[in-house]
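Here come two complexes built around chain A, the first alongside chain B, the second alongside chain C.
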Partner chain A sequence: MSLRKGEDVMGIFHKGKKDDKPNPVSLITMFNKRSVISEQCRTIRSNIRFSMVDKDLKSLVITSAGFNEGKSTVANNLAVVFADAGLKTLLVDADLRKPTADLTWALSRDEGLSNLLVDKTSNYENYVSKTKVEGLFVLTSGHVPPNPSELLGTERMQEILQTLTQNFDLVIFDTPPLTAVTDAQILASRTDGTILVVRERQRDKREIMLSKQLLDMAQANILGVVFNGTKASRDDYYYYGSKS
Partner chain B sequence: MEEVVSLQEITLVLKKRMLLIFSMMILGVVALAGVTFFLITPKYETDTQLVVQSNQQTLTNANLQSDLTGNVMMVNTYKDLIKSDVVLDQVSLQLAKENGIQYTSNELNKMISVTQSQNSQMFSIRVISINAKEAMEIANKTAMIFKEKAVEILKVDKVSIISPAKLKTTPVSPNKQLNLLIGAVIGLILGVMIVFLLEFLDKTVKDTKFIENELELPILGEISVLSNKELQSSIFLNVLQKQGESFEFESSSEPRITKENEAAEKFNPIVEKQIELKTEDVEKVANKRRLRPRL
Partner chain C sequence: MIDLHCHILPGIDDGAHNLSDSIKMAKKAVSQGITHILCTPHHNSSYENPKSKVLLQVADLQVELTKRNIPLILYEAQEVRIFEHLMSEIDQDDILFADVSDRYLMLEFPTESIPDYTNQLVRQLINRGITPIIVHPERYKLFQSDPALLENYLRMGCLAQLTAPSIVGAYGKKIQKLSHYFVKNSMIQMLGSDAHNVDSRNFYLAEAYEIIKKEYGEGKIDYYDRVAKDIINGDNISLRRFRG
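Up next is the complex of A and B:
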C-alpha cells in the first residue's frame, strides 16, 4: 500500500532543519489541567467525539505536513485528556525516525513498537508502559529501524493494530510528517481517524494541500485539523481557563 | 483566488512588523542626514535692492494708473538686461580682474535671479553661491554694472542701490529639518511597503480561513502558543528532576466514566519498572540529550 517509496523527499520543500535532535514535548494537560491549552485540548477531544458519532473511533493517527508543527505535543496531550475522560488510552510513538515519547515520558527506548514489529512471537504487554496518568499507557518507538515504512506496512502491523484496539479504548499514533515520508499514510489508511496538525505560519499552503491529497490517496478518514500555535485568540479562553 | 483583507488584518500585520517599519524610518533619517550633512554642499544667498527712476515719466500720458503699470512692467526689461550678456560679460570680466573670482557669464546667469515684489518698482538681485563672500561680491558687482548699463542703454534717469548685498553666513540650503523629515517619511513608506511585500510573499498558513475554505477540512480546535514558563514546567523530565519521584500533579477535575477504571485495573502485566527511574538516571538522560524542549 506504499504509494511512494519511504525515501526522504524533504529537499523539495524544506532546506532541512538544523536542529534534528528530538526533544521531550510538554505535557501541559497533565501538569496544569486548568491552563488555557488544557481547556483547548479538551475542546478538541469533544470535537473528535462529535465527528465520529456513527462509527466507533478506536484508533487515531496524528500527523502533519512537515516537522515542527506540534504533532507529538498534540498526540501526547490528546492522549492525556482522553485518558482523563476515562478511556483506556494507548499512545504509540510510531515516529520511528525521530521518536520523542521515550523522552517525553522518561521511558526507555530500547523496547517498543519496532521490537514488537520485528519479533512476531512477542506480546504487546511486554512493551507497553503504564504512566502516572490513570488510564494512559505508552508504547515507545523502540530501536530506530532502517526501514520504518516497510515495517509499518507489514501484516504484523495489522495484527498488532487489531490486538491493541481490542485491548484499549483508544490507540493514538504519533507519526512522522506526511510530506517527508510515507509512514503516516500507511498508518492513516489502517486506522479509524486521522488528525492533521497545522501550525500557524509554519508551512506553505501548497504543502498542506499536498498532505491532504496524500491522506486522501491513502483513503484516510480525515477528522479535521488542529490549528496549532495561535496567538490572537488566546484571550478568549481566559474566561474559562486560569491565567498561569 | 480573491482574498479579502480586512482593515483589522492590515493593522495586525503592521503592528507585528512595527520594529521593521520603525527601523526603516530611522534608517531613512540616518541616510538623509548623511546626504544632508556630508554630501550636499551648503549654499549661501544674499541680495541687493534697487530702484530705477525713469525720465520718461513726465513725457508720457498723465494717467497715473497706466504710468505706474508701465513702470512695474519695466522691471521685466531690467531683469532681462541684468541677465543679458552685456551686463554679465562685464561682471565676469571685472570679478576676475578685481576680486579674483572666475565665473563665465553662463555660470553667473544660473546663480543670479531677479525678483520683484508685487506691484512694486523695487526689485532685488539675488545671488546663490557655495561661498557667502562670493555671493555678496557678485551681487554688488552686478548691481553696479547694471547701474552703468541701464543709464547707458535704456536712458533711465537714475538707478539707486537701496541696500547693497551683505555677507550672510547662514546657508539657505540644504534645509536640514525638512530633509530629515523627508527621510523619515521615505523610511516609513518603504517600511510599510516591505511589510506588505513580505506578507504577500508569505504563503504559509496564516489563519483558519484557509483550512476551512480551501482545504475544506473541519477545524477540531486551536491550540495557543505555550509560554516558555508553561513549557518548562510541563516537561515531565524537568518535573522529575526537580522533585525526584514524589511529585504530585494536579488531580483531574473531570468526572470519570466508571467502567473505564475497572478496565484499567484488569490490565496489570504492565512494565511499571520503567517509570521508576532514579533521579540520577533522569539527570543522565537529560544531560545527554541537552534538553531543549519544544512545543
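Up next is the complex of A and C:
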C-alpha cells in the first residue's frame, strides 16, 4: 500500500468527483457517520494522533501535488471528525486561489483569512464562524487577493497562526496544490504537521516525489499520505452490508 | 464443539434480529454438534454493545434456551472493532474479553485497510498482558494481497481466528484459497463460525472441521479444539510454529 519508502498511507478514501469549478465538498462525516468513508476519516484521525504522541499537534496542513485530488474534502471531513472527538477545531480555508469552504459551509466569503491578513488591527473572532458541528469553526478565505503567497509569508500570518493555535485545540489549513504555487510550502513550514492527499490514478510518481521534495525543502513535518479515490471492494458486502 | 464467534444475541447487531432468529440459530448450532457458543456481538461505531449490556443479553438468552431444552451453553464476549480509545474503554470496564480473566480479546480490523496505529495499540495491549485474537484474517485486503503479513502480528503475540464458512467456500474462491494457506501454514490457531443467521451467514463449523480433517489430518482439529477451550478458560495456549 505504501507509495514510496518513508511515507505512510494514513488512510484510504473512496469516491470523489472531478470538476474544475470550485464546488462545495461532501461532508459525509457529518451526514453519515456510519459510512465506510466516515470510518476511514476516523482512522486517519487516530493515525494522526498516534503519530504525534510525543509532540503537540496544534496545526495541520492538508495539501496535494496537483488539483482535484481531494484536499478540501479530506480537510473538511477531518475537521468534522476531530471536532466530533471533542477538540475545539478550526478549519481555515487557506486556498486563497480556489476557495471552497464558503460554499461547503454556506458562509460568506466577503470576510475571512485575507481580510485578517490585510487588516492588522482586526481580530480573528470577527471572521470565524460557528458551524452546525459542535466544536467546529470555519474561517473562510476572504476576498481572493492578488498576492496570496506574499500574504501567507508575512509576519502577520505568523501572528495569526499563534493566536489561532492559542485559542483552538487544532487548526486545519486547506491549501492550494504544492506543484502550482508556494502557498502550501509556506504554511507547511510554519505548522506542526502536513498531510499529502494523493488521488489514485491522478498524478504520476514524479509529481508526488516532487511534492515530497518541496515539503522537505520547507522542513515540513510530513505525517503521511491519504490515498484517495480507491474503489471500495465488494467484500464489504460480508460486512456491514445493510443486508446481512 | 465450541464456537468462538457468533452473532446469536437478538437485536443488538446485524446478527439475529429477534428471539425467534436466535432460537433458530441455536437449534442449527446444536445440529452442528456445537455445545458452547461464545457470543461476540459487534462493538463498533454502528453497534455500541458495552460489557454491561452484553452480560444481560447473554443471561436472558440462556434462560430462553433452557426453557426450550436446547442444550447450548452461552458465554459472553465482544467482537471489538479497533478504535483509538480502546485502552480507555478497557479501563472503564466497557470491554468484554473471551475469558473472565480478561486475557483474550477478539479484535476486528476494517476490511479495506489496517490502520497504521494498529501496531502501537497491539503493543499496548500485549504489554498489559492481553492477547488480541485477530478475527477473520482471510477477509482483510491487506492479507489477501500479501498473506505473509499476518506473520508480523503473530510474531508480536497475536492469535488469529479463521471463519469456518471461508474455508468451506461460502465467501468465494479467493477467500477459500487464502483460508487453506493459513490453515496449512499454521497461521491460525482456532476457528469460529461468525454466524449471523441461518441463511446467508450460517455456521458451517462442522463442514469446515470436516474439510480440515480430511486435508490436513485430525491433529489440526484436536489442536483447534484445545485452543478454543483454553481461550474460554483463560489458560495458556500451546503455540505451534507457523509455516510448518
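Here is the rule we use: the second predicted complex is superposed on the first by the 212 of 244 C-alpha atoms of A that agree within 3 Å, B and C clash if a C-alpha of one lies under 4 Å from a C-alpha of the other, contacts with A are read in each partner's own complex, and residues count from 1 in each chain.
Everything below uses one rule, namely that contacts are C-beta pairs under 8 Å (C-beta built on N, C-alpha and C of every residue); 3 or more make two chains touch, one makes a residue touch a chain.
Please read all numbers here as calculations on a predicted model, not as lab measurements.
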Query raised in the report: A:23 contacts which: chain B (first), chain C (second), both, neither?
Result: first
Report task. Classify the contacts of A:130 with the two partner chains as first (chain B alone), second (chain C alone), both, or neither. Result -> first
Query raised in the report: Is A:224 in contact with chain B, with chain C, with both, or with neither (first, second, both, neither)?
Result: both
Query raised in the report: Does chain B (first) or chain C (second) touch A:49, or do both, or does neither?
Result: second
Query raised in the report: So, A:87: does it touch chain B (first), chain C (second), both, or neither?
Result: first
**Report entry** Partner chain in contact with A:213 - chain B first, chain C second, else both or neither
**Finding:** neither
Requested in this report: Return the chain, chain B or chain C, that is in touch with more residues of chain A.
Outcome: B
Query raised in the report: Touch check for A:34: first (chain B), second (chain C), both, or neither?
Result: both
Report summary line: chain A residues where the chain B and chain C footprints coincide 33-34, 36, 40, 42-43, 47, 51, 224, 230, 232-233, 244
Query raised in the report: Where on chain B does chain A make contact in their complex?
Result: 12, 202-208, 210-211, 214-215, 217-226, 230-231, 233-237, 239-240, 249-250, 252-254, 256-261, 263-264, 267, 269-272, 274-275, 277, 282, 285, 289-295
Report summary line: Residue set of chain A touching chain C in the complex reads 1, 8-12, 33-34, 36, 38-40, 42-43, 45-47, 49-51, 53, 224, 230, 232-233, 235-236, 238-240, 243-244
Report task. Name, in rising order, each residue of chain A that touches chain B in their complex. Result -> 19, 21-28, 30-37, 40-44, 47-48, 51, 68, 70, 73-74, 84-88, 103-108, 125-132, 134-135, 137, 167, 169, 195-196, 198-206, 208-209, 212, 222-234, 237, 244
Query raised in the report: For chain C, which residues count as touching chain A in their complex?
Result: 14-15, 45-46, 83-84, 110-113, 115-117, 120-121, 139, 141-142, 171, 175, 196-197, 200-201
